[in-house]
């Protein structure tokens, strides 16, 4: 859950209740191994990231950390399978409502927005305010996030490819596809992989990431974090 | 088809063959009734718009025509059902490939890009270069287009709502939903409607449009154009 | 609903409550126009048939009425879209439960069983006890019913085709396909048609019927009955 | 493939070509471990069963081997996901054709019919001629087979449950569910399990089996057979 991901005031604003364990919250490490593996190794408490933030941050990190893009004006357009909404008896989640349907929701106001911005701000070293628009599509599992970023100075496709390739070259659960192939949900569903493709388009860069919201976006990443914390092989049971 | 939508040079570049009827091409009117109803009424030849351009242009037109947004930096992120790819025996279109899957394709390089830009440039009175990224989702019919635009000067949600409301108030096939409801595919599939929702988000405006690619995005709009050309009731048979 | 389809004792047994309008129940006519059009015309009260019984009875009627099959040992295996279960907030009906899934339920004990048997018994002039097994498949609408019947004396495919063809030749909402084509859900969904195919297989006959459970299996048939009762064109608004 | 499952004359009749390896065909063992484990262990050549026959035979075997049902008049009604048709570029297999659709095909004339009858005849010790009707439903993987059998002498549900329970008690890949739960595709997809439920209904018995056509119905069962032939743990890699 989101319990240890945000500072108490942000948590209270977005989740509608005051935080009940502020003491431990201070010790929590944000559990995205690709950015914080060392800290996770030594952590007492790890906050497992949200599903949308996982795919979006991994799509942006190589460029933002390298200061190759403007921190302002980033747009994240996500398409999520229906299990992202949890398993509850609700008319909105019925087969007859979701099948053959698709829609945007919580445009610019989803509770994962502040989590995305908090982590991107840490990477950029300054305040980042991303516009995040989630959509529901008729699949059971998986999220495709398409991220739009403005280049700081003109880069070639090759330079961008090298940047992502280097950033993720030792990562066991990120597969960088370059610019020729774009990720597909079917290649990540039921796995802990995050697949990423990237394309330079004039002065913009488009990154597309795909994860399974229930593995890399939830329980799988939690296991990955546990493996790191306890010194197990990071891929164990994944 | 796209035969009379673009000037010969642009057509040749994107469709890979020289135009074979340049004489008539000059007389063709772009068949988007919400923008060119009068011209369509007097036209000899109407070029029926592409499916993606229809939903995207209708989502942008009220703001761009009013000069309320920057013509630069517009982003259109579309999610299309599989019939957008036509009906042909292809592995890419199999149930077993599409079901539970989703992906981006032709990022920034889809042949509908120049058609979108041509029409938006006419509206803006200057060159517009939109970044267009289409996606395939597992539905039979329908396109959700999410458009990201930068405000020229700060507008309130109310002002934006009024602008769209006024622009489409007499349109029989556009339903403006305001900011509270976002369009859903299931409400437009098998109809000739384009549903539009819009949301102000800081200095940006997000518009979401939904159409059925086979009716408002193809044959339905062709019938609408025919009705206008022949002086029939515009809604006849729709 | 099932309120006027069954005698009070059978109703009470299968629907778990005593019938509250026994007086009017006596006047009710079973609203399957293909069998009872004349009675419906003069009826004060018409009981609109259940979705499963509609498709199953229409698949069996020509042979049973002609005494060409054994009344004993009929088997009806139905495959229904999920809206057959109604629209309610239930875990069983979630997209994530139904998508990519299928199952049998209420094997030999569905509440439509007695309704099917009552009507088939009337046709046969003796007690008929069909084995009815419904299944759920991942479609929104529609029922395919496959019916297995034992021939009384050996018939050719041609004879069987002629029997069905004659029986339904003046029916506006039954399309008999013969033995070469089997009905598909996509041809009846959103229509009031019942499509039927039939195949002789040794000493058995297999009939397959397809309807949309929400039109011919519910509201559409109710409109058809109303049209008959009020002397309107039977196809009006259908 | 079906190459070593049938005698040369039957093979030629149903697969439309003469058998090209009649010598080895004589040595082939039918690879259904639940019936022929011992023979498979010593076999030089194992013919891996078809997807439909696997689920159907496993649903019938305990009763037929015990002579508890009539060998005549067995009906098998199967519902298969679309990968059962193989992966080829065909209009019939398109998402837009299969989604929201369902149909019967090859009624009483599918090429798996003789394979089913051959194996059931061996079990019964006499000629068995099952009526087999396959259907396509809109799932990617999996087959639900509903089998209708006539009891020889009246049995109770308890007796039938005990028979199936005993027959499969040591089987690693058959899960007998009894009469209370019916198998669902979602519980077997991506596994090598065959789930079976059974229900007594008057003088009939209905058995429902579920398998994944690509694992227990194909490659998974082949691995299971290989494990048995080479003396590996039967569950290895499954």
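A, B, C and D are the chain letters, set down in written order, and residue numbers restart from 1 in every chain.
Simple rule for what comes next: a contact is a pair of C-beta atoms (placed from the backbone, for glycine too) under 8 Å apart; a residue touches a chain by one contact, two chains touch by 3 or more.
The shown structure was predicted, so the numbers you read here are calculated from the model rather than taken from an experiment.
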Worksheet item: At the interface of chain A with chain B, does the proportion of residue numbers present on both copies reach over half, so same, or stay under half, so different?
Response: same
Worksheet item: For A-C, which listed pair, A-B, B-D or C-D, repeats its interface with over half of the contact pairs the same?
Response: B-D
Worksheet, complete the sentence: So, in whole Å, the Cα centroid of chain B is separated from that of chain D by 50
Worksheet entry | Whole-Å separation of chain centres (CA-atom averages), chain A against chain D | 44
Response to the item:
dist(centroid_CA(chain A), centroid_CA(chain B)) in Å evaluates to 30
Worksheet item: For chain D, what residues touch not just one other chain but two or more?
Response: 97, 99-100, 138, 140
Discussion item. Please output the residues of chain A touching chain B within their complex, sorted ascending.
Written reply: 73, 75, 77, 79, 81, 97, 100-105, 107-108, 129, 131, 133, 135, 137-142, 144, 146, 148, 150, 182-186, 189, 197, 199, 201-202, 204, 206, 208, 210
Worksheet item: Which chain B residues qualify as touching chain D in the complex?
Response: 82-83, 87-91, 93-100, 138-140
